[in-house]
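So, here's a batch of structures to check.
You will see two complexes here that share subunit A, one where it goes with subunit B and one where it goes with subunit C.
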Partner chain A sequence: MSFNRRTFLQIGSGALGLAITDATFTKFAFAEGAAGTLRVAIAKPAGNLDPQSHYAIWAIQDLMFEPLVRYGKGGQIEPCLATDWKIEEGGKTLHLTLRQGVTFQDGTVFDAASCKWNLERWLGLDQFSWMNCSKYFQSLEVIDEHQIAVHFKEPPLALMQELSYTRPPRFLSPKSVDANGKFVEPVGTGPWRQLGADDTQSVFERYDGYWGDKPTYQRLEAKVIPDPRARVAALRAGEIDLVGGFWIAPLTPVEAKQLEAAGLNVVIDPGNVTLVMAFNPDRTEALKDPQVRKAVSIGIDRAAISQALYQGFARPAGNLFSDALPFAGTQHDAPVRDVAAASALLEKAGWTGGPVRSKDGTPLTLEIVVSPDAVPGSRVVAEVIQSEMKEIGINLIVRSVDHASKHTDMLERKYDLGFFLTYGAPYDPFGTVVALCLSTFKNDVEGKLFTDPANLDPLINAATAATGDQIAPSIQKVYDWLRDNDAIAPLVYVPSIWAHSKRVQGFTSPVTEYDMPYENIVLAE
Partner chain B sequence: MNRLKPAFARLNKLPRVALIVIGLFLALGSFAPWLAPQDPSAQNLLETGLGPTAAHWLGTDHLGRDTLSRLIIAANTSLVSVGSVLIIAMTVGVAMGTIAGYHRGWVDDLLMRIVDVGLSIPSLITALAVIGIVGPGYWTMVLALSLAWWPMSGRISRAVAVSIMSKPHIEALRVLGASPWRIYFGHLLPGTIGAVMVYATADAGTAALAVATLSFLGLGIQPPTPEWGQMLVDALPYLESDPRQVILPGLALTAAVIGFNILGESIALNRIPKPLSRRTLALRRIEVAGWAKENSDA
Partner chain C sequence: MIHFISKRLRHSLVLLFMASLVCFTLVVSAPGNVAVLIAELRGAVATPGYVEKVAEEIGLHKPLLMRYAGWLGDAVRGDFGISYRTGQEVSADLPKRMLVTGTLIVGSAVVATLLGLALGFLGAFWPYRLPDRVSRGLALLGASTPTFFVGALMIYGFSVTFQLFPSFGFGGPESWVLPWVTVAVLPAAVLSRVVRVGLEEAMASPFVLTAKSKGLGRTAILFRDALPNIIPVFINALGTQVGLMTATAIIVEPLFAWQGVGDYFLQGVKFRDFMVVQACLLIFLAFFIVVNLIVDLAVLMTDPRVRRQWS
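Up next, the complex of A and B:
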């Protein structure tokens, strides 16, 4: 058989035509399969979904498991599985009225008995003593089929906020565990029932027996796409509909800009997490001096960081918490960069000369530890700060490490400067203040932002013991102390970034970074 | 001038493009601080991601730093780090290889088993383990890569050393009672270094790539020192909006790696005796016929 140019062109054209047809039909088939399905990107497999374990993606658990109360905008506590609640005996008793007509996805009725079974799985256990309600738990009393009372040894701080957390307080069907009480399958009262999950995706269908407003679409698929660029490409190719969320599948501001330019919808929420720079005076003598800390703080151009690195999406921070959170305290403007004032402060503190200032022959060299895996974008922010510190005579060494090493270094306090992210809603303000600033609170995960047992601990203890109207003024004293002593340098309020296709309508950012924002979505087919 | 002729003749045999690229790399790397038009670390957040202008010939990066200056200084970073890695790795490798080749017997067995262990672990894994223990940093990276690199030069050195040791002139030296030091330093070591240097040239490209890989992973050279691998990873988020930021360091790295590889290969090939061409064969025959004539005349 002869193989001339014509034969070659014929075979080539045929193959090309076949490939195009195949791609087109695949696209049609794909679109057909996606009808009535919301496809969301997740950065890693959903994990063990037991609400009392700590390994799953919060937002996936949020699809199936519901709390007694929900955390609403601005920290408003809203009813969910509990329709009413009363805090009695000075905060030592919580009286709950449970919602009627709620069933778990396996048909089990949600009542006082199943509520008691759930609460007893975690309340009072050592592993959950980081929550005040578990730490001070005393007893549980079933009043009738839909009423329950929980008694505490001490009034738990931020009790209702704690009950809105994703884990451990969410409710699991008593039938979804084995004879030994070990978690077997994820069955909750929420609007989504899991059909299956593997390392590539988790698939959910709408639970038609849901007590509340049911989603308008039938199916939700959480697709595992670990690589950020692949997620962006998948959204642009129409393979997924929704991407974003700090703990779900984070989008960088640069990626958001690119998606916006490509005609996709980008939703920016001011967010409720703050990027804060920590000083470690225990390691470096210079940082014991508040003047040096202030010089570093005002030597940083927060507005430029926000504009250049967050594409203008982030707001420069003047406080530990933004006003999106309850009890965030008096809001101050972010410090404006002032090289002259920073230099003057360093001179006053005895750090003189140049290009690197020194005192008693010791150069003013500081080390900042960063991990872009732990705090996205932190390396670039550190590079900007490095350049700005050079201008005021501080030699800043950037040590970029992996995620695990960053945690170890922060715990062992092997840094002079470091970045922390506040926990955000629903944990804050007390979550961050207690875990990161109270010296007596054992924090084996992030380390400490700033501690002062003599001066700061009493203020935090007073704030956590305060009730009612006393909470705001007492926690304000903590903020004032941190500010007056330049103990920390809040940099920017990290925005919450989401992007979705035109198919998704009615999207609103979630109230916390731990929720999946499926609620208001309508799919345009 | 006549003495330089053989050197030029050798250079002529090498591929010109590779020579030019490596020559440029060496020149930029050696004189980088004087060649860089601007401070490579000077940021200007108001001029981020600019295209080529009169002030910034190759534009600016995501922090408003001059890309050309950063590329030039990065050549210096790569040159120094690659050079240091190869010098350390070759010193250790050649020392172990020649000792093994000289002594043979149990010393050879012991040293070569150590080399085998070193070779059985992928070099990047070794480097990552060292950095994980010691912590990231410039000299840690150099040390880590040297530890990962020496076994290969050790193995080559041993092979060369064994071959030299079995040559008649070494045997003659031994018979004549030459001291071990004289044999080792006067004959064995110079011969081995020469051969290993050839492999080192080809390895330089791989070492440059390893330096870039570690920086790409955030475990190598730390800011503000510019490095091609780090420049690549910094520019990745802008791959779509400003591909120039990715292409430029990528091109520099690719050119250096290909240049070293071609050069190393050519040097190695030039050392192997080539079969005689027809023309040379004809010339040699004429020459040999001339000898016969001379003999008969005599």
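Up next, the complex of A and C:
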């Protein structure tokens, strides 16, 4: 047989035809997805799912492990594995009534014994002393098969909120550890049971023995897609159904706009995290003066930041916390940019001249430290603020650093201005107020937003010691002090952004950024 | 030949050692405290002193030389330590990741070779005519387009618009096509020019004139007489391109959600995961050295002039 050009072309076109046919048929397998399966993007592998370890994606742990109580909308504490609870002896005893008829996914019954076994895995350990309930833990008492009492040395602040956290308070089957008590496999009481996990995905099936409302679909696949552009493309190509969540697979506002334009469903929730600008008076004399801090604050156009960086999805902030959180305090409108007022304040403070103002021969130069790795989009925000500061006579230098350097600089207070994100639900308001504003609380990770041992600390201590009806007025005093002294400049409330395919119906944003929003979803097949 | 191989191996070992030392110095001299980063990754709020505990745990307090010596000693035994970020053994993660990156590089090398040869021959077969101009234009386009952009275009065209291939994942042959082509575009462009220029030079040689006078056709001369003459040059160029593919893998793997060594390296760099970064760099370097060794051996076998030099 001779091999001429015609034969070559025939073989070539045949091979091409076969390849296209194969690829076309393959398309149906990956692009449409198996019936009854929700495919969610995650930015990294789920990791070690032990509820008492620190490595996993919170939302994946949330699928399997349940808490005693859940954090509901607006900070409402709702029953979960505990149906009732009473705080007694001035907050030093927590009496819990456990839900009956609950079994772990391996058939083990959830009762007072398994509850005690779980609580003893973390309560009172030094590793978890950042939680008040662990720090003040004294003893555990099993009253009967479905009742348990936890005793504390001191009344723990925000006790029920802490018990709703994803880790460490969630419940693991006592049979899912080895003889040394080391975690072996993820078995909880939740609606999803893990079938398998590797670096590319985690696969779950519905646990039909679940005590609560079961999901309407059989299977959930969490696909690992580290690159944000790849996640957007995968959603557009129909290979995944759901993307979003700050800690799951974050979407930027620009990507959300692109997806919206491509006809996909984009869900924007106001969120419960605030982007705040911090002043460091310890480094720069000028920032010791509240008038200068106020001038900087009202010199910033929050609406422009919301529009430019967040595509209009973020609400300009006038408070440390939005009203989405409990005890968020009196809500004030965001300051409106007022160049004349800002300039007048600087004049009054003795900073005069131009184009860069000066006082006693010292120019008004400030340095803002940003890290887009730590606070997405912060460099752009800083550049916007830089141009706005120029208009009021402040020379703002933007120093962009990587994630690790940002932490070091913030801890060592090597900045004049910097950005902080509040912790959000379920940690706030007390998480942020204590960790970022109380001088005696050693925060070795983020540094401090603003501290004043003489004036602010007593207010925070009073707020954290308050109980019942006293909590709201006492924490309000903290907010008022921060506001009256222009100690911080809240910029915007960072929105929670999700996008999903048409296949997903009934989606609602999760209450916290640590939850997986699977609950209300119905798949249109 | 044994003398040649043993000399190359000795040089390679010295190179590996020096490169690992340089990498170590670069990683540890970067600003910022890695312990803070790890503490943040492990919990929403770090306990007082927890950062110190983390620093102790990962040995940040030890002198630099001790840290390096300890790591090198373990690495020689195949133990690359524990990842700061995931808490898992690096050497346990590496084999499956090497398989993924190996698939990417081998597949891309094959695609680049086929595309490079095809485009090069196209130009050489019809020199200075339309096919040659098209081939040159494509080579210019391929060589000047950034790889991440090629990848994004591939995904947009073949996954989002036509839905012919998956946009992410390492799931089977259909999921390999787009990453292979993405990585292969730049090397194919370079190789096509190597083939085209090499063939042009070979076709101007006296032995081609002899072949023509014997009545052989252009196709026969190109394949039978000119092609063997460009093989050593082609192998050299291919070797360099395959070595550079490790760098491309760092860009392409995350784009297609392939959990290979490139992706591992990138994650390691982001989180100052020294153990992961060092292990990946060592693999990249070893790969580069092995590829060069293979190239030298292939050239030795295909080029009689080099063979004579070492015999």
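Here is the rule we go by: the second predicted complex is superposed on the first by the 504 of 525 C-alpha atoms of A that agree within 3 Å, B and C clash if a C-alpha of one lies under 4 Å from a C-alpha of the other, contacts with A are read in each partner's own complex, and residues count from 1 in each chain.
Criterion: a residue touches a chain if its C-beta (ideal position, glycine included) is under 8 Å from a C-beta of that chain, and two chains touch if they have at least 3 such contacts.
What you see is a predicted model; the values in this text were computed from it and never measured.
K.L.:
Should A:A308 be classified as contacting the first partner (subunit B), the second (subunit C), both, or neither?
P.N.:
A:A308: touches subunit B, not subunit C.
K.L.:
Quick one: is A:P372 in contact with subunit B, with subunit C, with both, or with neither? Answer first, second, both or neither.
P.N.:
A:P372 sits against subunit B, while subunit C stays out of touch.
K.L.:
In the overlay, work out which of subunit B or subunit C sits against more residues of subunit A.
P.N.:
Greater contact footprint in residues on subunit A: C.
K.L.:
Going by the contact rule set out at the top, does A:R229 touch subunit B (first), subunit C (second), both, or neither?
P.N.:
So A:R229 meets both subunit B and subunit C here.
K.L.:
Once the structures are superposed on A, label A:G47 by its partner contacts, choosing first (subunit B), second (subunit C), both or neither.
P.N.:
Touch partner of A:G47: subunit C, not subunit B.
K.L.:
First (subunit B), second (subunit C), both or neither: which does A:E255 touch?
P.N.:
first
K.L.:
For A:A382, select first, second, both or neither according to whether it touches subunit B, subunit C, the two together, or no partner.
P.N.:
first
K.L.:
Check the residue A:R399 against both partner chains and state whether it touches subunit B (first), subunit C (second), both, or neither.
P.N.:
The answer is first: A:R399 touches subunit B but not subunit C.
K.L.:
Can you pull the subunit A residues that subunit B and subunit C both touch?
P.N.:
Common interface on subunit A, subunit B vs subunit C: 229, 401-402, 405.
K.L.:
Touching subunit A in the complex: which residues of subunit C?
P.N.:
Where subunit C meets subunit A, its residues are 30-34, 36-37, 39-52, 86-88, 93, 96-97, 152, 155-156, 159-160, 163-171, 174, 177, 254-257, 259, 263, 267, 270-272.
K.L.:
Residue numbers of subunit B touching subunit A in their complex, please.
P.N.:
Those residues of subunit B that touch subunit A are 41-43, 45, 48, 62-64, 132, 135-137, 218-219, 222-224, 234, 236-241.
K.L.:
Name, in rising order, each residue of subunit A that touches subunit C in their complex.
P.N.:
Answer in residue numbers: 20, 22-24, 26-27, 30-31, 44-45, 47-48, 53-55, 126-130, 199-200, 223-227, 229-230, 233-234, 236-239, 373, 401-408, 411, 423, 427, 431, 435, 441-446.
K.L.:
Can you check the complex and tell me which residues of subunit A touch subunit B?
P.N.:
By the definition above, subunit A touches subunit B via 229, 252, 254-255, 257-258, 261, 301, 304, 307-308, 372, 379-380, 382-384, 386-387, 390, 397-402, 405.
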